[in-house]
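Next up: the structures, one after another.
Note that chain A is present in both complexes that follow, paired respectively with chain B and with chain C.
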Partner chain A sequence: MVEIKPFNPEQTQKLVETLALAPMLGEIVPSERSMGVVATALADYYRSILSAVENGKPIVLQQLCVGPELFYAFDVQPVNPEAWAAVPLLTNPEMAVPYLEIAENAGVAADLCSVNRTMIGELIGGSIPRPDFITWASQPCDSIKVGYYIAKYLTGVPMFFIDSPQWDTPECLDYYAHQVRQLIVFLEEQTGRKLDWDRLKEVVEESNRAVEYIIELNELRKLVPCPSDSRVPTYLFITFMTMLGLPGATAMYKAFRDEAKERAQKKEGVVPEEKIRGIWFSIMVPWDLFWQNWLQEELGHVNVMDMFGYLTALPIDTSTPDKLIRGLAERWHMAVPMGRQARGIVDSYFNDFLYVYEEWKGDCLILAGNSGCRWLKGAYGMLREICREREIPALQFDIDIFDPRFVSAQAYRGQVEDFLTTVVMPAKAAKKR
Partner chain B sequence: MSMIEQLSGPAKALLNPSIEDWRQQGKKVLAYYCPYVPEEMIVAAGMMPFAMRATGSASSEEGDIYAHSATCSFIRHILDHAMNGAYNFLDGFISIDCCDPFRRMFDVWRRKRVPVPEKPLFLQILSVPKKVTGEEVLPRLINEFAGLKDNMERYFGLKITDEDLRRAIKTCNESRRLLKEVYALRKRPAPPLTGGQALEMMIAATSLPKEECNSLLKELLAELSNAPGQKDYQARLMVIGSNLDNPDYLAVMEELGGLVVADYFCNGAMYFWEPVDEALPPLEALAGHVLKSPSCPRMIGDFPRRLELIREMVKDYRVDGIIVQRLMFCDIWGAEATLLRWEARKTGLPLLVLEREYALSGVGQLKTRVQAFLETIRR
Partner chain C sequence: MSLVAGCDVGSTTGKAVILKDGEICSYAIIQCTPSPVKTAQLVMAEAARKAGLSGTEQLAYIIGTGYGRMKIPFANENVSEITCHGAGAHWLCPSVRTIIDIGGQDCKVISLNNEGRVIDFVMNDKCAAGTGRFLEAMTRVLSLSLEELSNISLEATSPANITSQCSVFSESEVITLLNEGREVPDVAAGIHLAVANRLLALVKKVGQQPDLAVAGGCAKNTGLIKILAEKLNMPIVALPRDPQIIGALGAAVLAGQKAG
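Up next, the complex of A and B:
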């Protein structure tokens, strides 16, 4: 049997220390101000997890499509493995490599998405806290669906799995909402506490305030030039799935909104001369910390919107428990980035991409194809045809979201640079003529 | 010609004379993929169900245009076949959301209107719950199947009554019962058919009109009941894994001295293991059948039940070793293979995990690995 090491907090403690330094960087380098804001929020998140481990507070391994709101209402500490593994890459690009190797050595298929392999490796290697229970949903993809079951098998802890139907019909939403109610029952059983509806209302209302800021911020990002940093959509996503409903997250979204608003009022963009408005509608490259700075500073490229930043969540009606549950079901089922696009027929992805491309006035599509991704890889041909029909310059390149050994930074950056300078810029210039 | 030889025919090509006869009578053929698709619905509509496969596809060139090379080769071969008109004999195609690549493959069919853009097929992908427990699951599935029935009625201009469905359930249950009886013969010390032949039979059972299939299976049972059987083998194998529709793959294992006596894959035992309850209202019975059948690893949380059935089969069929075959890039079976490997380590049951492409390739490597495995478990 595979042996699971006890949790070693050392690596996380170091990460917290590093994140705590980021706001200073923001003070020295104004362009890094948003990085400082998000680092503060993330440091709080990791601190609260370390504190939960120390104080024996229940810990849930929480997948991205099951929002954190309910867990905060239950005073259960959510640990989102996707974010848990992604954030340390900001400090060390090779941070996931040892865990990928642990998972593979234990017999996990080497072609499973590295996000899930890392989670499994971290569980075995003791670098993520051993949870008291696990919750996940069937969306967005097969890899997540089965990867979490491996985590459940390894830890032997109770699980709650939400089946996301392919459709968004009222009947499917009823089905989903029923499962949210069942999740409440599950959490009551696990914690031995009844849900405090007033507390849930409080958390969801806090999340509603956060959602309002996100909506406003994303509207501001439509401006030409774009007044908000290329990395902000990624920050939005990471914190949306980990901290939504906490005042710290709301404060962070407000700071992003204020920053963008301030620039917009001065009619300033995030870069002095915005040359290309990119739409990155697949994964980002978390292990290459300064890639977006490079694109902004060297090429005048701004990622004006990407798949993960395209947050379509709306405020939830908290007036009755039924409406609250229904609202959470709609949010988790229909508004979590990637879950929203990957589930069901491919049209949901294409429609979102085309909408974003038009609304955010994109100049091109950039598709960083994750090596372990299947849901999108089967759509490449169709997407190519769509872009060709609409004369949208498009680049697809292979990369691994957590593993820098698969394709190096130098190699993919070269491809992106060639595309932007030899295809997108001339196409844009020709359009102007 | 023996019945075994006769039943081997449909596996060799996509089309067979029975499908052509059926079509000549003006009747329709609907492809389906996954045993969770209620083929009774197709039979009840007076149509012939055909289990989707890409037999005869020599390359995936056209499919590669639509799907990345790091996508399951089965779907790339189906796409290639579709683009080249190999499925022009079909009137429709029903699938479930079994996996991500299959959903995308279905999207290509739908958006590109393959195989013939001028004559779009009846296409439906069903959203089947990815778990078998929970009071909400059965009603959701009944609703999904009711939607399929409505859509078929509307598209083809027909009515599928409860009586039609009951008759179809009886016919399909008869197939299941006969197939299970044939499989039971493989428990013998000298099984009367090889694994390759059993797979040919399974392909025939899902590529022939149901009544014809049932009468052939009855004759096969009569032929096999007194057959001397296979005695010359080194080890009895169970093959588990992704959809497998190429008997040659099993033949390679059997040429080396293994004898495949049991299986757990979608077009093997999973297809017929459980009958549909004939006493229940038809849609409820069909939905319930999905939940009680040997589950696909896409059904999250059901691993213990799958494992229990595999253990039972290992005991009943006197299995010496398990081979888990997995199509490259199949996440669902990739995870299952990991869990099975860990379980096998616990119990000491020999288990080999093989990765393969849809088209039989790398035979040398396959032989080496299987041979080495057989060396360790031979009787």
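Up next, the complex of A and C:
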């Protein structure tokens, strides 16, 4: 049995200190204003985790397709390992490397998605708090299923698993809602407390306010020129799966909305001259997210919408417990990016892309193919054909979501730059003629 | 008189083409030195010498391309090798819609429209399989030159199966096949088949449109071209000039457009 080291908060404390500097950067560099806003919210999230560890508050390892709302209602601290590892990559691209090596040295297969390998390495290495229990769903991929099971095996803590149905039929949603009720029972057992329905209503109503801002923000992103930064969809996703239902998250979405609205009222875009509206409908590259600034400033490319920013969540009717549970089931099952696209038949992914491409007035499709993502990579060939039929310029390149050693920044950036300047810009110019 | 040039500094060779009044006046190909600057200077000097020029001063416009394009000191601007290969192939053969460029360290497939504009491309640059480097590694194992590898593969009766996933493992496979007594021509053809399979997957990604041409040094490998045409089930158009200079030629064509 692999030994798990006790949690060492040092790395997280340093991250919090770094995040706390970001708002100051935002004051100096206007293009970093969004980062400043999100950094404040994320710093609070990490602080609350450190505080939970210190005060012995129950900690749940929470996978992305099991939303955080219920945990906040139970006063349980959710730790989302996908976000836990992704956020530090914004400040140190090689942050995941030592944990990938720890996991591989412990016998984890190198072709498991690096998101899950990092989680396992962090658990073993003691850089993520040891959870009191684990919740996860079978969406969106096989790597998740294996990764979370390894986490259970390593920690030996109780686990609750949501079996995500393949479809969105009323029967499937009934089935999902039934499992949300069972999750409540599980949480009651783990915490020794009954669910306070009024508190859950409060949390969900807070999340509804956040969702309203997200909807408005994403509508504003449809404007030409786009008034919101290329990286904002990534920030939305990270915080949606970790902080939804907290006032800090709502304040952050409001700030994003306000920033976009202010520009839109002045008919300004996030860049002075928007030349290309990109749709990154797979992953962004989290360890190189700030390169998006360069793309905006040098090439006038704005990622107007991507798969992870395409949040289709709606406000939940909180008038009765049944409606509330049903609303959570619909949100977790149908609105979490990647989870939404990766179940059932692959058409849902293609249809979502085509909808986003039309609605957000895209000029091209960019697919960063994560090496561990079998389902997405398997769909790329067909998506390229769909694009070819519609004369949509499309680029696919290989990358690893957490591991910058797989394909270097230099190598993938060159392909993106060549694609934008060699294919997309001339195609746009030809259309104008 | 209008004199313009293109200079392509790749991973293995440097190429330069000089156009005089819209016609190819001279070209040169040299092995790369460790310094891209020096490679560019040497290859351009050679092309200039062949054109009877004293130096690059007489050239109205020069475009640099290839991996080393940022380092070409005398270039007026640099353009991606994808655009340049497209421009070069279209200039030579306007009916070409698909170009397979097999370079030293990468391979790419480029799709052109009828105006010669690049509409799609795909490249393999994280693995040597399917590139010139792969073939070079195999020639070392077989103790053959690239030309000999090409010619001997044409004598194959039953090409061996060799994986195309990793050059290092492929070397081991070739050694195993030879130890098992497989004939060298069959092994050589198997090597070409492995490269062709790799390229085929890339071609399918951008869509296989006729006419199809192959550029890069490996286009001179008749054994590879024969197997590739069979796999594609499509004839490969022979470009009327050295296929290794297509990138530099495209750069020169674009330089001509800039110079007016």
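Structure notes:
One rule holds in what follows: the second predicted complex is superposed on the first by the 432 of 433 C-alpha atoms of A that agree within 3 Å, B and C clash if a C-alpha of one lies under 4 Å from a C-alpha of the other, contacts with A are read in each partner's own complex, and residues count from 1 in each chain.
As a working rule, contacts are C-beta pairs under 8 Å (C-beta built on N, C-alpha and C of every residue); 3 or more make two chains touch, one makes a residue touch a chain.
Remember, it's a predicted structure, so these values are computed and weren't measured experimentally.
Partner contacting the larger number of chain A residues, of chain B and chain C: B. Touch criterion met: A:Ser138 reaches chain B, while chain C stays clear of it.
Contacts of A:Tyr153 after superposition on the shared chain: chain B is touched, whereas chain C is not. Look at A:Gln182: by the touch rule set out above, it reaches chain B but stays clear of chain C. Look at A:Tyr355: by the touch rule set out above, it reaches neither chain B nor chain C. Within the superposed three-chain model, A:Ala109 lies in touch with chain B and out of touch with chain C [touch as defined at top]. By the touch criterion stated above, A:Gly378 is placed in contact with chain B alone, chain C being left untouched. When both complexes are overlaid on chain A, the residue A:Phe290 reaches neither chain B nor chain C.
In the superposition on chain A, the residues of chain A touched by chain B in one structure and by chain C in the other are 381.
Across the interface of their complex, chain B is touched by residues 1-2, 106-109, 111-113, 138, 141-143, 145-147, 149-150, 153, 159, 161, 163, 165-167, 171-172, 175, 178-179, 182, 342, 344-347, 369, 371-372, 374-375, 377-382 of chain A. Considering their complex, residues 65-68, 70-72, 75, 97, 99-101, 103-108, 110-112, 125, 127, 129-131, 134, 136-137, 140, 143, 297-298, 300-301, 303, 326, 328-329, 331-332, 334-339, 341-342, 345-346 of chain B touch chain A.
Those residues of chain A lying in contact with chain C across their complex are 381, 384-385, 388, 391, 393-394, 396, 398, 406-407, 411, 415, 417-419, 421-423, 426-427, 430. Chain C makes touch with chain A in their complex at residues 80, 82-83, 86, 115, 117-123, 125-126, 204-207.
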